[in-house]
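What follows is a short report on a single structure.
A, B, C and D label the chains in the order they appear, each numbered from 1.
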Amino acid sequence: MTKDSTSPWRKKLHDIIYEADTPAGKLFDVVLLILILASIALVMLESVKSIDARFHDYFEIGEWIITIFFTLEYFARIVTIKKPSTYIFSFYGLIDFFSTIPQYLAFFFIGSNALLTVRALRLLRVFRILKITRYVGESNKLSRALKDSRAKISIFLFAVLILCIIAGTIMYMVEGEESGFTSIPVSVYWCIVTLTTVGFGDIAPVTPLGQFIAALIMILGYGIIAVPTGIVSAEYAKDMEPSKVTIDGEDYVHMNTQCCQNCNAKKHRDDAEFCHKCGNSLDRDF
Amino acid sequence: MTKDSTSPWRKKLHDIIYEADTPAGKLFDVVLLILILASIALVMLESVKSIDARFHDYFEIGEWIITIFFTLEYFARIVTIKKPSTYIFSFYGLIDFFSTIPQYLAFFFIGSNALLTVRALRLLRVFRILKITRYVGESNKLSRALKDSRAKISIFLFAVLILCIIAGTIMYMVEGEESGFTSIPVSVYWCIVTLTTVGFGDIAPVTPLGQFIAALIMILGYGIIAVPTGIVSAEYAKDMEPSKVTIDGEDYVHMNTQCCQNCNAKKHRDDAEFCHKCGNSLDRDF
Amino acid sequence: MTKDSTSPWRKKLHDIIYEADTPAGKLFDVVLLILILASIALVMLESVKSIDARFHDYFEIGEWIITIFFTLEYFARIVTIKKPSTYIFSFYGLIDFFSTIPQYLAFFFIGSNALLTVRALRLLRVFRILKITRYVGESNKLSRALKDSRAKISIFLFAVLILCIIAGTIMYMVEGEESGFTSIPVSVYWCIVTLTTVGFGDIAPVTPLGQFIAALIMILGYGIIAVPTGIVSAEYAKDMEPSKVTIDGEDYVHMNTQCCQNCNAKKHRDDAEFCHKCGNSLDRDF
Amino acid sequence: MTKDSTSPWRKKLHDIIYEADTPAGKLFDVVLLILILASIALVMLESVKSIDARFHDYFEIGEWIITIFFTLEYFARIVTIKKPSTYIFSFYGLIDFFSTIPQYLAFFFIGSNALLTVRALRLLRVFRILKITRYVGESNKLSRALKDSRAKISIFLFAVLILCIIAGTIMYMVEGEESGFTSIPVSVYWCIVTLTTVGFGDIAPVTPLGQFIAALIMILGYGIIAVPTGIVSAEYAKDMEPSKVTIDGEDYVHMNTQCCQNCNAKKHRDDAEFCHKCGNSLDRDF
């Protein structure tokens, strides 16, 4: 609410880069999104030998154009923010840095091609543009449900892992090396492939006993695949529905005691995201 | 409700073609359904070399009979409707056109065989006959639940795609070309195959590190497969159940303010499909 | 309730064969169960060449012992029931007949080995013994939930099939015969294998465009696998929970107007399986 | 509450080994956890030929250090407990014994390498350290939901197995030995692999009829995979939510008659984990 005494152009640039409310800000976000996608496409196409052989020079030029734009964007972000360190060491600040630097490194040290991969992380910035859409509300609920069920899913996956180590060791003993179960780690890998119902088939049991145990593992996996689903379903359903009741044909929805930070209005619905008086965001998670 | 002054035979033909309330209309729908299925069967069988070699001429004759019927049906639909453009440019109108024309094109231009595939879309018309069955009510609820959770599932699939691009790039670096991970797009394809638990096995990691990362991806996929399920489950459950409460041993079901288009009766149950006074359909989705 | 004037031994044999309340009846069921399992084991082991070569004569003798017992059981069931036709043409009566006759046919016509498979259906009779266990209550609820969601799942699977036909035709055009997509039916088969996330890998796309479409199909399959799960979950949850409400710290459960067939007691819980007055079964599904 | 007259050092050692409240107890648990993980890592790495060849002696030394520590721990547990038999014949007591003895057996009888696998079970002891974390509450709810739905899932898996036996026999007849369906047990194994959507691809149908039946099995599997998920989801959701109702805009949560063991306060929420008066744990499951 309080204005700061920065120069007007910095203020304006800040609004364009960090916000998406103005037309210029939206345009900036769209251009950024296109460049990110183009950048990802370049990295992917460069890895295809036949395509790279034909268009290598064009890719190189495109890469430099994108890199220079991202470099300018990076410095613009630093310049326009009041406390640069909050941006530089933020999640996106680090991604911006580490996804721009490889191209320069590659220029000086030929062969450091691997670092280019870091640029793939740039795509995560695509979520920024989603901030202005209704998707974010959903995504917040989703991530909240996931966060709530993280502990349960962790312990579940841990139990699955223990099961895989035990079953993998048994399969190693039963099938042996001639069936492809060359070591316990490989057997455990096979167990994970099987229990998650991926089933590559690069390794498969050939002895009757091995196939019998494999069938048991699969039946078990089929039975327990329900568990994480049930957890997330229940958590998500809990998160989604406000407590509502109907008496004498009229709806009553629970009003909580939350207080709007803007107009002090009280008694919002549990699932309210905006104040029903002033429309101010009630979001508590940011 | 208001009758229009079209000629009686056009009115009658219109009822036969566009409605399924009269015996003739039902017969028309059944004949159409059989011809559509026969048409699909022809397209499929023609593609099997050994069968086509033996019965090619019969297939060709059958194809022409079906095509001529569909052509007549197409023109009948145009003639009997008051505003032909509403049909011609509707979803089904376009399907009707583009699934009938290939046979004629193939007659003039030998070799344009590929266009025949468009006819497969004809099978979508099979849903028309379902209008008279209870299946539609269900299907509407289903599609409503899917529509409500579309935004959430889109953002989820988008997150999965980003994960696949990052993991695919890592696998490309780790496994390299000799394991079949010949380029980043191929690696991303492999990641999608793995994360969705399809697991063809045409490409599979062979290095210990690659297998370890693959195991992580699978465990992750196993954990997140629950998310879309949870979303649809919760949406569907929300859509299915009217808000109901029981006080002093008696049921109270929420009555909405919907008004029957036929008898003006109000206060229907949220899950009501027919007016409780006159039995008129309350369906709001068409 | 009314006794019939059959001879005492027929009455007694009837109780042993058709009921499981008496010790003799339970023993009969257990012996039957063991013989069924032994019979299945014989059929399976006989199909294993190396085992059959060594123990063929023992298998043959065991087979005849089981067949003679099942023959006696079949005639005992006919003799002891008042209206034999109700048994003979019932589901289990037909299974009993068609699972016993192949051995005799095989005796007269050497080589009619295939008919032996019908005996596998005998295992369905294993459910009879479950009648006395608590499992049946569960299984009834389960089958009720499945029956309720049958229409929805049918239309869903129908939509999946249409999708597979369209996608299969596209893959046939894109990949062609040299990739293993030798005809549209084979392509549709591949699509079903892929969309259900089975993924054998006997056929797999090799062209970039084919792999891209395959990835789309998989992502789609990943998104829609949630639908049947959501349907059954919601149906099952609906079926399981009685409508319950809590007022002033006390539970109120909805009492329906169902009337006990034995003692006429009314107002049972929605999830009641037995009368709260006389303990008589309230089950309405048999 | 009542102290026993054991010697002080045994009391102290008991607290360190059996409890995790004191710093020494926590340290003991952490050391134990590290040694267990190290032990598992050793077993796994030893099975990798190339690694074992290079570091065999180090592995042997590490193995002996761990074994000696576990031996000391085993005797310490016996000595410090009042009734050693309660520990020795407990689940963990037996695991401790059978996971320590193989190393000694291997020392005396070279070649009894297989017994080392039992040590994998040691990892189950890792759950002990979780007792002090919030994970246990979750895990208890989870295991309760699993226990409640065990009967339903058992009968479901039983039905799946019957389906697999029937379908496997049909596939054996249809495909025959040249397609890899060499016997009924192998066919049943293939059916389990397919129905659970694992799909190795080591065996795959090649005849059109076989592929058609396989497609039916997969579609069926796709439709019924929802069942165990629905069961666990519903059970879990039931277990998670306290019965709550809102009247006149105020929440009413069901208060049970549970009584706090510390302060005798009554009327706790169904989902309460701590007494609302004194903060004492209300956990009833230990």
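Points worth noting:
Note that in this section contacts are C-beta pairs under 8 Å (C-beta built on N, C-alpha and C of every residue); 3 or more make two chains touch, one makes a residue touch a chain.
For each chain, UniProt lists the protein as follows: A, B, C, D = Ion transporter.
Just so you know, these numbers come straight off a predicted model, no measurement behind them.
Looking at A-C and A-B side by side, the one with more C-beta contacts is A-B. Here chain A and chain D face each other with different sets of residues for the most part; under half of the interface numbers are shared between them.
Distances between chain centres, each the mean of the C-alpha atoms, put B farthest from chain D. Each chain gets a centre from the mean of its Cα atoms; for chain A and chain B, those two points are 30 Å apart. Separating the CA-averaged centres of chain A and chain C is a span of 42 Å. In chain C, the residues that reach two or more other chains under the touch definition are 156, 185, 188, 197-201, 225, 229-231, 233-234, 237, 244-245, 247. Of all residues in chain B, only 40, 43-45, 47-49, 114, 117, 120-121, 123-124, 126, 130, 134-135, 138-139, 141-142, 145-146, 153, 156-157, 160-161, 185-186, 188-189, 192-193, 195-202, 225, 228-237, 240-241, 244-249, 251 touch chain C in the complex they form.
Taken in their complex, chain C has these residues touching chain A: 197-201, 229, 233.
Residue ranges on chain A touching chain D, taken from their complex, read 151-152, 154-156, 162, 165-166, 169-170, 172-173, 182-185, 188, 194, 197-201, 204, 208, 211-212, 214-215, 218-219, 221-223, 225-227, 229-231, 233-234, 237-238, 243-245, 247, 252-255, 267.
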